[in-house]
Amino acid sequence: MPELLKVKNLTKNFPVEKNILDVLLAGRKRNFVHAVDNISFSIMEGEVLGLAGESGSGKSTTGRLILRLLEPTAGSIYYRGKNMVSIHRKEMEALRSKIQIVFQDPNSSLSPRMSVGDAIGHPLIIHNMGTREERKEKVLDLMGKIGLTPASFLYKKYPHQLSGGQSQRVVLARALITSPDFIVADEPIAMADVSVRALILELMKKLKAEFNLTYLFITHDLATAKYLCDRVAIMYLGRIVEIGTRDELFGNPHHPYTKALLAAVPVPEPKRRRTEEMPKGEIPSAIEPPSGCHFHPRCPYAMPRCSEAKPEMRSVSPDHYSACFLNE
Amino acid sequence: MKYFFTVILALFLVTGFVFATGTKEGVKTLVYGTTEKVTDMDPASAYDFHTWEIFQNIYQGLLSYPPGKTNIVPGLAESYSANAKGDQFTFKLRKGVKFTDGTPFNAQAVKWTIDRVIALKGDPSWLVTDFVKSVDVVDDYTVRFNLKGPIAYFPALAATVPYFPENPNVYPKDKIVRNPSELKGGALVGLGPYKVVSFKRDEEVVLEANPDYYGEKPKIDRIVIRYFADATTMRLALEKGEIDLAYKTLNPSDIADLSKNSKFTTYKLSGPYIRYVCFETSESVFKNKILRQAFGALINRPEIMKKVFLNQNEPLYSMVPKGMIYHTDDFKNTLGDGNIALADKLLKEAGYSKEKPLTFDLWYTPSHYGDTEVDMAEVLKAQLEKSSMMKVTLKSAEWATYKQQWKAKQMAVYLLGWYPDYIDPDNYTAAFAGTSGSKGMGINFSDPKWDALFTKEQTNTDPAVRKAVFEKIQKMWTDEAPTVPIFQGNLYVFTRKDVGGVEIGPTLIFNYNALYFKK
Amino acid sequence: MNKPILEIKNLCIDYPISIGTVHAVEDVSIILNKGEVLGLVGESGCGKSTLGLSLLKLIRPPGKVSGGEILYRGKDVLKMSGSEMLKFRGQNIAMVFQNPLTSLNPLFKVKDQFLETIHYHKPEIKQEEAVRMSENILESLGIDKERMHDYPHQLSGGMRQRIMIGLGLIMQPDILVADEPTTSLDVIVEAGFIDLLNRLRERFNLTIILITHNLGLVAEIADRVVVMYGGRIMEVGSADNIFSRPLHPYTFGLINCIPNIELEQKELITMPGNPPDLVNPPPGCRFAPRCPKVMDICKEEVPEVKEYNGRKVACRLY
Amino acid sequence: MTQKSRNIEASGYSSSERMGRIFGWLIKANKKYGAEWWILVFGAVIILFISYTAIFPGTLAPYSPLDQNTGPQLMAPGPGHPFGTDNLSRDILSRMIYGSRTILGVAFTAAILSSIIGIPLGLISGFLGGIFDRIFSLIMDSVYSFPGLILAIAFAAMLGPGVVNITLAVSVVYIPTYFRLVRGQTLTIKEELYVEAARAIGARRSVILGKYIFPNVIATVVVIFSLNIADAIMTEAALSYIGLGLPAGIPDWGMDLAMGKKYLPSGIWWMITFPGLMIMTLALGFTMLGEGLSEILNPRLLER
Amino acid sequence: MKNLLRYIITRILLTIPMIFILLTLVFVILRIMPGDPVSAMLGAHAPEEVIEQKKEELGLNKPIIIQYINYMNKLLHFDLGESMIFKQKVIVPIREKLPATIELTFFGMFFTLLFGIFPGAYAASRRRKGRDFAIRIYANVVYCIPVYWMGLMLQLILGIWLGWFPIAGRVNARILVSTFERTGFYTLDTLLAGNLYAFGDVMLHLFLPSLTLGIVLSGIFVRLTRANMLDVLKSEYILSARARGIPERKIVYKHALKNAFIPVLTMLGLQFALLLAGAILTEMTFSWPGIGRLLMERIYLRDYPTIQGVIVVFALFVSIVSLIVDILYAMVDPRVKY
């Protein structure tokens, strides 16, 4: 399988706003939120890569960086060998017909004043595809495939007239209308009701096969990741702590954080008691992250050196890497 | 927070009602209300009626007018004499008079004062500089004024405020004083019957009898002049008994109401103040005198008096006010009041018709002449439009703009008013129709024949000649009509019934020491 | 079996809105025994939160109970007077809400909120005593007592949720109603919170009603589960039964429509269609339009909750 | 139902049927929105009525507003003069009717003027951000935080009395209002997911601004526009009241009020009561319309 | 404390550009305004050369940009310059008139809060009931009453017809201001001088103008308090307080009002400009000798430096109030960090 996307040393810092007096007194030295901290990974064509972690781990930022909705602070992103970070904005805009993103909240990712048909068809106008009639035909066709039926009825509806599941389908349709080959799915089911989640997951699976798609699937739910993904990366405070194939990662988790996450997932199986001890406290602020391994203050296995040096990614087994000193 | 609100609300209600209705002050004081304003507290700079009025009561002139009269009597000078040519006046000063701080009043003080006025070049300084060449101290109690030429009415000038002797130890030599606090000693005391004991601009001036006054002690010990922001407030204060006397200036409706009120005494003073319409006569459409005549004919003065001023002012049919020498009612006889037939005839003559009416902007200034100005403009418009050949649009501008506009010839017709600089028909005529005066007023009227007549009247002292000239000028005025007179103003004083001694004559000098409480 | 501590009988709750009336809860009967943990499960809009609020008579107007009764130790909660109700809330039933970020008054210190609660219930307790009580309860929740002097914004989400529990338990109520207590918490914190609940339950001999859409949570802690759909009860049973042998098609769907990390699933069960419109609900079984095993009669008549093999289910298949 | 058949039906209504329809629609809307709906309707009725008097004053006014011979001076309200007469014996009712034309015209034009300057500036400033936005916001915020009336006074004094001048003076004051509102909305909407989604589908900035942000901003502007007219009405009247409004000869409520002030101590109540009442009623009309609209269109707007 | 100081300094720094912008605006308006102070002050027929000379004296014939730089330079040295009409420092009349305006706005604000916050909170606690509706109508109507008309009507009814309150000025004309005046704040001065009679009179005079101002502005606050209260009452911490068995009255007036007051406080800072604008109109209506009247008088006279001075004072006034409001805000709300 050829490599579709390669992320190398990607970093994103958000400056923290300072007030005018501080600027005058202390100059423009700023604090930063280290949202994404030097991460690297690659995605093969036709693969589903899961990006999992707690909220605040930087997984959504990573998704946005790949589409250059946010400008990376450092690092490079290669799409089919082309570095997307260095190309001109215009060129990037054109490339967005090939790379698409689906957000967590379908309701707010649709303009309340654009009808379903307009919303789905708009990318075609932007990328100058087809005539008016062709576009409409294409939209109706895709709406049918994606289960937005009756298509001609829903075509003129506005987002507030749709149910949650329908909205998410509209968002998916909009992402697919320009026939992209890569989709970043940013927690697409997190806001949906339980019974709708399965529908969307199944739909995504179906579409992947039908349109020959590659997904970067961002989620906080490891069960979903396990269900859908070929490989999974675990993020903590802006860094990838462990990455590996599905079977490896779930069958043989290595990093203490991964283990904790797995243990914490509630399972619909009564009276199964947790044996693993849960990490202490909550995820710290990304403005001044802990030194060394970010996880060390919460880690049950922390050693003195964990607070001193940053552990590097190392291979645990083929296709399975972890950034932990226990690894050595 | 609730407590905070309760406490303050209680403050309002309790203190407001309990204390305010409780005690009253015991001191007998005359409170005098006015809407005028004090300008500079310096005789070398002040040039308005009200500030002069105060000076006339805290200072004394070498010569003065008795209350309500127009004859000049000795003041700080016991006597005066003129040389034969009439260009030197010598005053013998009263002896033993002292300023409050002990400085003796003498000839040096008079010379110091006049020199100061000349040096500071204040607004009224022309009353000195135009006439006086120099002042000589003959001896301690004799002072001589050397004039630029013979001036028969110099005694009248010497009774004006810029000639009032000041205390050289109190006033700064080279600076105009605005507030009494800038004076040495901080108090404004002169040689007059009253002294200023406290001064708060636009709020109050408190006068008390001056113990060092050489003349008769005033009957009222303390006079408070209270400054009101508007006539309405002053009227209410009078009605509520907060003030004893109200003078300048009330609205017509207030005057009408107060005159009917038996609690007050009304004094009506005929003033030298006139109102009139000006035309730009060099460039505007009104350079055609027929149009000016037509305008004049359409004005219905009695109606304006009745509607706007409730008949409190007099219609005026000449630029020279009624009661002044050489006055004639020429406008009444030639153009008349509301003479629509004549106006229509004149307008037709000038080529206007119902279909092609004379269209122009009538300008007025809304606040300089008081609240009635808008009404007057409205009534004028209605009167003018009684002729179907006129279409009037009213336009207004504030005073500062107004003045610029008439200088720039931007207004064809505009309303103005006039307080004379000196009481003489010349000041009511040459100032408008003489070439130089006319330009300053924005009328831009110029006629050598007229200028010749003005020169004749100004240089000739023979009353018969002047009478003839002024009668001729007034007649010619109805033909050329560079301005059209509307009315002559009256002034009203209201006092509570127990106040007496309001004696204000044509000079408009108000002597407070004549005031008394009837008991 | 001893007497139930709380008995809900045929409860109906309506919300009149501009376009009609929402029948948020219809004909719901639940029995709660002392010391048990009851899981109340359903998707959003199924009426589970409204039911929880009604236990404390806290339904927001214009919503109102239109029928049925709630018996606490045999006394009808709905008929309690205002002052009785104030005592009842807090001393008999406590409630913990979904969002710990917004459930504490931001302008008052933690301590003040504890002291206030104690003051209104037991004015006779002295300040020092009240402080000590609060410190004790905080310690049992694993929070440093120094945190008493903090304002809510100075605390993390997990801590705030614990303090909410502490505030609920300070007057030692019998029943704790927890309405989606973990939805806004991260997985690891959630897991810790559930462990805490299990400990508290033993320590205070609590009866807990856990309202949630997360079946995993229910499985971890609940003794008995009530499944609701469209304002009605679909199935009631012990946790073991419900999860291993669900009777109702909806329960079955609900359990199998989400990925299970323990299993290797090839395909998820999907339930097509949308949740019912509660203003004009379908005439028959609420679930009929989405049910894979639907029969004609399901669309016409509302099925009763029936006993079946010692379990309760509202389905015509049984 | 097809488009065509609906048209045929609509044209087939008799007028009474149509009235019935309208009434039915009102009732239905009332059910949907409750009290807010009646607030809106009440406001609209006031505005419609006063607009009618402004457009066709001749049909209602018994006299010309400038006619100084309608009866005695300062006549109290009574037969022939329901609102009484003023000091120049003009009929106050007629002046009120004709005066509506002035104030409505000025307020409406001013509101439009300030919105067509303020809205695009706010939109662009908020959208572009950066130094341009900082400078503009600083200027607008400075002006906004300052008493608007004082600025209007300064402008009115500069321009002198006159309909056009007062309109300009009033409109200048409200530019920052629109600017701030639209900029704020733009900033909020800019952060909305659907704008990010628009960027993700490759939309250019001009497209995002025109197709995604502007349509969503404009809804809030409608409400503010209505409330703004109410404010402009009061500002216009205030300027006239302190003598900076219009020259004499044009009937104007604010000026009539100022005229009446002189007669207050004489107890001439009708000269101040009616002009003030008219100003208040008209302003109330627009406020209620605005409030009704805001509750219906966007319930959170007024709760800034 | 150190943080507070830092914050105050920051706020003051932020005020500077605002005043600078306003002044620039006003400066430009004034200079392109027709009419100038010289024509306004000189007699009707002053000769051209005198006018030119006067202009020269006042520096009015210099290019605008030079006049502007000179003025700004003076201002940087805290000098507002000298009046062009009257030979006095601009600061003098401002210092005389400002206390009157402050007194008026202070008591105005008091009435605003009194008639705004409590009815608003009450209406919210009685949502959708008759009294709520009545209070909302009150808020709307009051918001639309022009402040000057309100003033005139109160004058007419309470002053003229009933004769309960004086309708103009700050104190009875018979009371000598000079006997008590020290700071210019008459309420304070009369108390300091121990003249209770005068104090009562001053309070009476203050009543109608501040009531007028207060009532008219209260509409906004009713609406705001009500809306905020409704929001707060909907919040989960109110629900959880209820669930804890806290009495309803305490919930409304302790928990909710305190929270709802925070945005109201912010609004108070913003609306202060409106209060000042209202104060000008009230001053005109009640013959109140404050800086609003001063401004109007000097605009007619085209006294540029005084007008600019008053604008600076107004701007400072607004900023100081908003600073105070922000500090209060931080005191009420523990979440705010400087």
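Order as written gives the chain letters A, B, C, D and E; numbering starts at 1 within each chain.
What we mean here is this: a residue touches a chain if its C-beta (ideal position, glycine included) is under 8 Å from a C-beta of that chain, and two chains touch if they have at least 3 such contacts.
Bear in mind the structure is a predicted one, so any value in this text is a computation, not a measurement.
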Given chain C and chain D, the chains that contact each of them: A, E
Core chain by centroid distance, with centroids computed from Cα atoms only: E
Remotest chain, chain C as reference, centres from CA atoms: B
Chain pair showing more contacts of the two, B-D and D-E: D-E
Where chain A and chain C are represented by their mean Cα positions, the distance between them in whole Å: 32
Between chain A and chain D, centroid-to-centroid distance (C-alpha), Å: 49
Separation of mean Cα positions, chain E and chain C [Å, integer]: 53
Of all residues in chain C, the ones touching two or more other chains: none
Multi-chain contact sites of chain E, meaning residues that touch two or more partners: 33-34, 299-300
Chain B, residues touching no fewer than two other chains: 232, 236, 367, 397-398, 401
Complex interface listing, chain A residues touching chain C: 54-55, 163, 165, 193-195, 197-199, 201-202, 220-224, 226-228, 250, 260-272, 274, 278-279, 281-283
Chain C - residues contacting chain A, complex: 43-44, 156-158, 186-192, 194-195, 213-220, 222, 239-240, 243-244, 253-255, 257-262, 265, 267-272, 274-275, 290
Interface residues, chain B side, partner chain D - complex: 231-232, 235-236, 239, 251, 253-254, 257, 307-308, 364, 366-367, 371, 374-375, 377-379, 381-382, 392-398, 401
Partner chain E, residues of chain D touching it in the complex: 35, 39, 138-139, 141-151, 153-155, 157-158, 160, 230, 234, 237-238, 241-242, 257, 260-261, 264-265, 267, 269, 272-273, 275-276, 279-281, 283-284, 287-288, 291, 302-304
Sites on chain E touched by chain B in the complex: 33-37, 39-40, 43-47, 86-88, 93, 96, 107, 110, 113-114, 159, 166-169, 172-178, 181, 196-197, 199-201, 203-204, 206-207, 287, 289, 293, 299-302
